[in-house]
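Sending over a structure as structure tokens; questions will come in a sec.
Just so it is clear, A, B, C and D label the chains in written order, and each chain counts residues from 1 on its own.
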Amino acid sequence: MSVLDLDHVFFLLIVNIGIAVLWGNRPFVGKILTLLYILEGLSILTSYHVLLSGAVLSSSLTFTVMQQTVQWQLGVSGGFFALITFMAAGLATWFSSGVWARSYAPIRLLHSYMALNVAAMLLLLASNDFLGLFIAWELVSLVSFLIIAINGGRSAKAAYSYILYAFLGAMAILLALIIIWNATNSFSYVEVRHHWSTMSVNRQLIVVLLLITGFGIKMAILPFHRWQAPAYAYVPAPVAAFLGAISSRMGLFALFIVLLQVVGIDVIQTLWLPFEIINMQTFLLWLAALTLIIPTFIALRQTDARLLLAWHGIGQGGFMLLGILSANALGTAGGIMHVFNHASYQAALFFAVFSVSYRTGTADLDRLGGLVTRMPISFTVMLVGIIGLAGLPPMNGFVSKWLIYKALLDEGMPLLFLAAVIGTLGTILSVYKLIHNTFLGQLRLEHENIKEVPWSMSIPMMILASIVFITGYFPGLLLESIAAMQSTLGISVVDYHLGGVNTGKGNLNMIVVVSTMLMAIGMGALIFFVLGNPRKQVTQWDNYAGGHFLTSDMRYQYSHNFYPGLMRVISPLYRNTIFWLESAIVSTVQFMAHISYALFMQANYLLYLILLVVISLLWVLAV
Amino acid sequence: MQDSLILLVVLPLLLAFLLPVIARYLGNLSGLTGSLLLLFNILLLANAWNSVGYSPKVILLGGFAAPLGIVFYIDKLNMLFAILTTIIALLLWPCRTHNTDVREYVLWLLLLAGCYGVILSGDLFNIYVFYELLAVASYGLVTLPATGASYIAGFRYLMISALGSAFALLGIALIYSFTGSVNIAHLAQIIPDHLHHIWGYSAALLLIIGFGVKAELFPVNFWVAEVYSHADKRVTALLAGVVSKIAVLIILRFIILLFPWQDIFNFLLLLGIIGVIVGEFAAFYAQDLLRLLAFSSIAQSGLVIIAFACATEAGIMAGIALAIHHLLLKPALFLLASHCDRSINDLAGLAKSSPWASALFVILALSLLGVPPLPGFWAKLLLLQSLMAEQYLLLLVLVLLATIVEAAYLFRLFMLFYQRQEMPEQKRITIQGQELYPVITLSGILLLGLFFLPLFMDSLREIAMQTSNIEAYINTVLGKVQHIGEGNI
Amino acid sequence: MMIWDDIFLEVDFWINIVSIALIVIGIYGIVFSQHLLRMVFGLGLLEAGVNILLVKAGYQKEAIAPIVTQASDTMMSNILAATAQMVDPVPQAMVLTAIVIAAGVQALALSLVIRIYKKYGTLDSHVLFLAMERDRHLSLNQKD
Amino acid sequence: MQRWTTILFLTGLSIVLFAIITPLVLGQSPMLVGKLINASAVNDTGAANLVTAVVLAYRGLDTLGELAILFTAATAIGIILGTTDKTQTTSSPTAGFIVATAAKVLFPLLLVFALYIILHGHLTPGGGFQGGAVLAAAFFLLTLADSGNNIKHKVTQVIEALAGTAFIVLGLVSFALQGVFLQPWLDKGELGSLFSAGSLPLLYLALGLKVGAELANLLSSLANVEK
């Protein structure tokens, strides 16, 4: 096994970018790119056992500046995230490789930006110190900006607000980095960890908060959550799936590495916010919980399926953070596992939603319905996806959420557990709305003749759906690398087996759970059919309403204004404070800008010089 | 060997004097002689670069020992600035434009002679003279477009600049009254200890404000926007890129050698940070590209001043890095922008008609913003480190916040450039071919420099060390004649 | 009374008063008048005031002008004795330079004033500032 | 109101300036460099006028720079006011017979006076600048008296160029001979005699011609535009 294995991946990525830039318009190129992504994923997978043993894949990409050697090497955590990235990118490209590409004019840009994104993300995942991390971080921000802005119009606006938030985050990180450098004279993780305690407690606190802000902005934690949903919703299907699956997880990855590997969770536990109001860990946990709850309930209000999913993406990010910050073997395992799980079902859901909008031309939940007979594959995929998103067995979302619940309870945080449950409740309600309004109910007249999406689009969806199911069935597949990750980071390691985990007080075995469920369903079906299959095929319009005959163009089943009662209860809570804050900042900046400009536009600016001279001389005389 | 560096100043002057006569016989070739001269200067500097090494040298003009006559001080910093000035001047040399008036070449040469003189001179009054030379030449160049607005802008520029110079001269008079000397090395022996009172401070402030006019120091930089938007593009590029940095270089020498007092540093830090903030905000509001760049130039100069005002080795290093970066980058941006001299909103879709130009603009602007791994990032990183080393946490935060404002207007610009709409036919801007060569060259230098980053950082550190070494400066210039008549004060 | 006499009879005081008066009048002309010509003249006064201060720096009590007049007396020791009594020649040289520089700058300023007057027919700096901004605005929006 | 604020401000400014300037007591400056120069100037340069020694030898580069500034200003004014080579004889009347004749009488005297000042710059007060100014005044007098008598731009330009070149070449010769720019060279001669002080009188001659041509140029540019 060559040590410089990562070079192959980088080389492939460059080839990838080259092909996308040069021939991105050709019809076949999507397939080639898909193959390349799979190849890159495989080349990491083939040496994955090395990573599991705690070794790293290093690359020859390295430089020395300011006595710091910056090099790129992939550890098991990076490898895990990289695999998810390649999975998402590969399937997204596959999705766009066939018929879809013909309907999308700037396909070359899409391929190029996707390739650039993957490359930048790999740089981030393989970074080995703060400097490399920051460089890659900024690259990721820029290429994400490109890919978000790809559609122009609304998406460009969203991209602009994204890049401003991203710069805010980058500056926060940079500030943290500089403070760290000042105290430790180093950017390397090991050195920083070693010299961490040379910083005063105040500095430590500031650094941690800055890092949380910086990396948290990428995963849209509260109160920086406003950019993400529009940014991820108004892009083309493959991009949405890719972004929703992995892009904002880069923030989580960085946080995970920094908080657990460099700072150490024990340090976070000992830090207190000023006046000892609240412990840092508790504070962050509640931040994560709010990030889970609020965006989830915002999602519940959405009538655009894409926005609904995008808001859920933010909420699930809170879930992951909750798990990781619980500082418990089960919790961190659950948090990381949820990254994978979320990537798989979120991509599947985005594909399903975009398939529907590809055929119907809309993603507005109020103008859809009854598509189940027309698009059965999409329906199945969405069903699998929402079960995963809601965190119900037998899909993989259940496992990770279970682990997180368990961790919260084990750590004695019942209120947080309650918050997580509330979040899940919101998720279940809204995903039901999603699938109901899209696929169930009455088919609209204008959708009478639509067909299932072509194979090039449905196969990636099905692959994702099966991944969701399989990793739900055998969570041990993922837990193996998560355990390796935990041991390399030096935190407590989860005790796993193929079917699930062993905890001190009990044991989760998904093979048993799922098999039982399947058997129960099978038995039910058996009974149903054995007892004579008492079903009757009717058309969708074979209905009566209180004795009245309804014509086919009259809707008897409405799918808008879902959950009116619940909305009445919770809508007073939406006092969009953050929105207000944001616009206040914008107007302050504009005001300042106007004043500064007016300052320069003076007829008699010589006065400034004289005034400066006089003031400075007076100051001198006074001193 | 290094003695021949005096030719840097002398030959442009000689050529400038002769050029009006030469032009009668050679006509269009007269522009060529100027570029040949610049090439010769580059060779001269390159030749001297290694021979000077890291021990500074001194040129005694007229052969008189240091405090008596004028001296030129040759160290790596000065030579670096001289080289960069020459390169930029060569790229901006107006040779390619047709029907250039020979007097324009003359003014360019005189401006350059002034630049070299200011960079190399080690004598306070001599610096003032050469500073005036470059100032007067720049007044003439600013009015080249011969529009009414350019005359008014030129006059206002002249007025503020002359007022600043008068105050600088007042500062020199104060210093001379107290010390009886204008040799910087000699003054460096006297002022820091013996003039550490009201009059030393007043002289310092007067000098800093006087030279700050060209350095785009905050409240005396109000000429920047109007001059840069009305002047010829090449002149603008030269003023924004080179001249302002040279003025900052003088201020650096002053605060290192003559006025190393914390109060002065604080004064500069304050003005610098206000300049950064006001500049960025004004650029945010600016309605056309040239003004936007002018304001961003003010902000960048503010950054350089902040870095220098740290007055530590790290700060000097950061300031030099920022100055060099800006010196190479701003001319390129101004050259690009001069083709797009119209309201920002009319630039939508620029990338369609001139893709290379917009791509270059974006890359350069990203570097300006300090996006890694572009060169601007490393310069900014050095600045932040030096600020942190001095525990100027508030300044650090303000600089970073200003960067966000900068990002806001630059990205707004990028998005306009890359909007998917076509420009109207009669208003289309196409920048290509010849017009891009200087820009490509400058960006090439910047990006190539990236590959030699560690090397560059090391030599930068050496230069900063050399610059902050006051003892070496004094010893080099005054030689064995130590402590001349210090007891008299 | 005595103190005042001392002060008023002191040349130093009057030199200071004159130079400061020149500087302040110059600043008044440059900064507070709106007339371009007055600004240029103000600049001249200001520089004259500064030059006085500069040349004052070279004066020594009981000293003579820095010119060796006894040309026939070539004994080095005599010359040295003579030159030791002389005022500082350096500020004089510097002021010479400064005056010429100021002359050049003022001539340039005057030529600009001429041009501006020919173009706009006014020398009011505020009006001219507005005219400049208007020109800029027009050039931005008219360009083809 | 505004007037009173202005007056108040200026009064304050005067007080501040006064506070800063007062301690510069007349006649007590330390003269660190001045003393050294006084002691060695005669020996170094051979000029009886120590100011000349400073202007041309010790601070020769300043003088070159100042020359260049004057040249720059003239060039810039030329650009700003446009070319004035056109002979514009008809536009303005002559100043009258008496003035014109007197000017013609004065002209050679002024020339001689100017040359005297220039050539004795190293011995007596005066020198290149002063002489140059008189020189320019001489030519300008003619123009003022009779507008048909324009200063010939081509001629002044050539004088300007050659004189400037001569100054620099004199410096470069010493650079070639001794490796030092603007070092006085040639024999120092006898102190106080006309042919003394080595190359300094030559420098002053070049300087005087240059300044004269420059100022004449400048004045005629300014004058012609008024017509």
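Just so we're on the same page, a contact is a pair of C-beta atoms (placed from the backbone, for glycine too) under 8 Å apart; a residue touches a chain by one contact, two chains touch by 3 or more.
Model, not experiment: these values are computed from the prediction.
Between B-C and A-D, more contacting C-beta pairs join the chains of B-C. Centrality by Cα centroid goes to chain B. When you average the Cα atoms of each chain and compare centres, the chain farthest from chain D turns out to be A.
One finds 27 Å separating the Cα centroids of chain B and chain C.
Centroid to centroid, with C-alpha atoms defining each point, chain A and chain D lie 76 Å apart. Distance between chain centres (mean CA atoms), chain B to chain D: 31 Å.
Centroids built from CA atoms put chain C at 69 Å from chain A.
Counting partner chains per residue, chain A shows two or more touched chains at residues 601, 606, 610, 617, 620-621. The set of chain D residues that touch two or more partner chains comprises 13, 17, 20, 24, 29, 31, 33-35, 37, 58-59, 62, 65-66, 69, 72-73, 76, 80.
Residues of chain C in contact with at least two other chains: 23, 27, 30, 53, 56-57, 88, 90, 94, 97, 101, 104-105, 108, 112, 115, 125, 129.
The part of chain B that touches chain D in the complex is made up of residues 3, 6, 9-10, 13-14, 16-18, 20-21, 59-64, 67-70, 101, 103-104, 106-107, 110, 113-114, 117, 121, 125-126, 129-130, 132-133, 136-137, 139-140, 143-144, 146, 151, 174, 176-183, 186, 190, 198-199, 202, 484-485, 488-489. Chain D meets chain C in the complex at residues 6, 10, 13-14, 17-18, 21-22, 24-29, 31, 33-35, 37-39, 41-43, 48-51, 53-55, 58-59, 62-63, 65-66, 69-70, 72-74, 76-77, 80-81, 123-125, 129, 190-193, 211, 218, 221-222, 225-226. If you check the complex, the residues on chain B that touch chain C are 125, 129, 132, 136, 139-140, 143, 147-149, 151-156, 158-159, 162-163, 165-166, 169-170, 172-174, 176-177, 180, 182, 226, 229-230, 287-288, 341-343, 426-427. Interface of chain C with chain A (complex): residues 27, 30-31, 34, 125-126, 129-130, 133. Chain A contributes residues 601, 603-604, 606-607, 610 to its touches with chain C in the complex.
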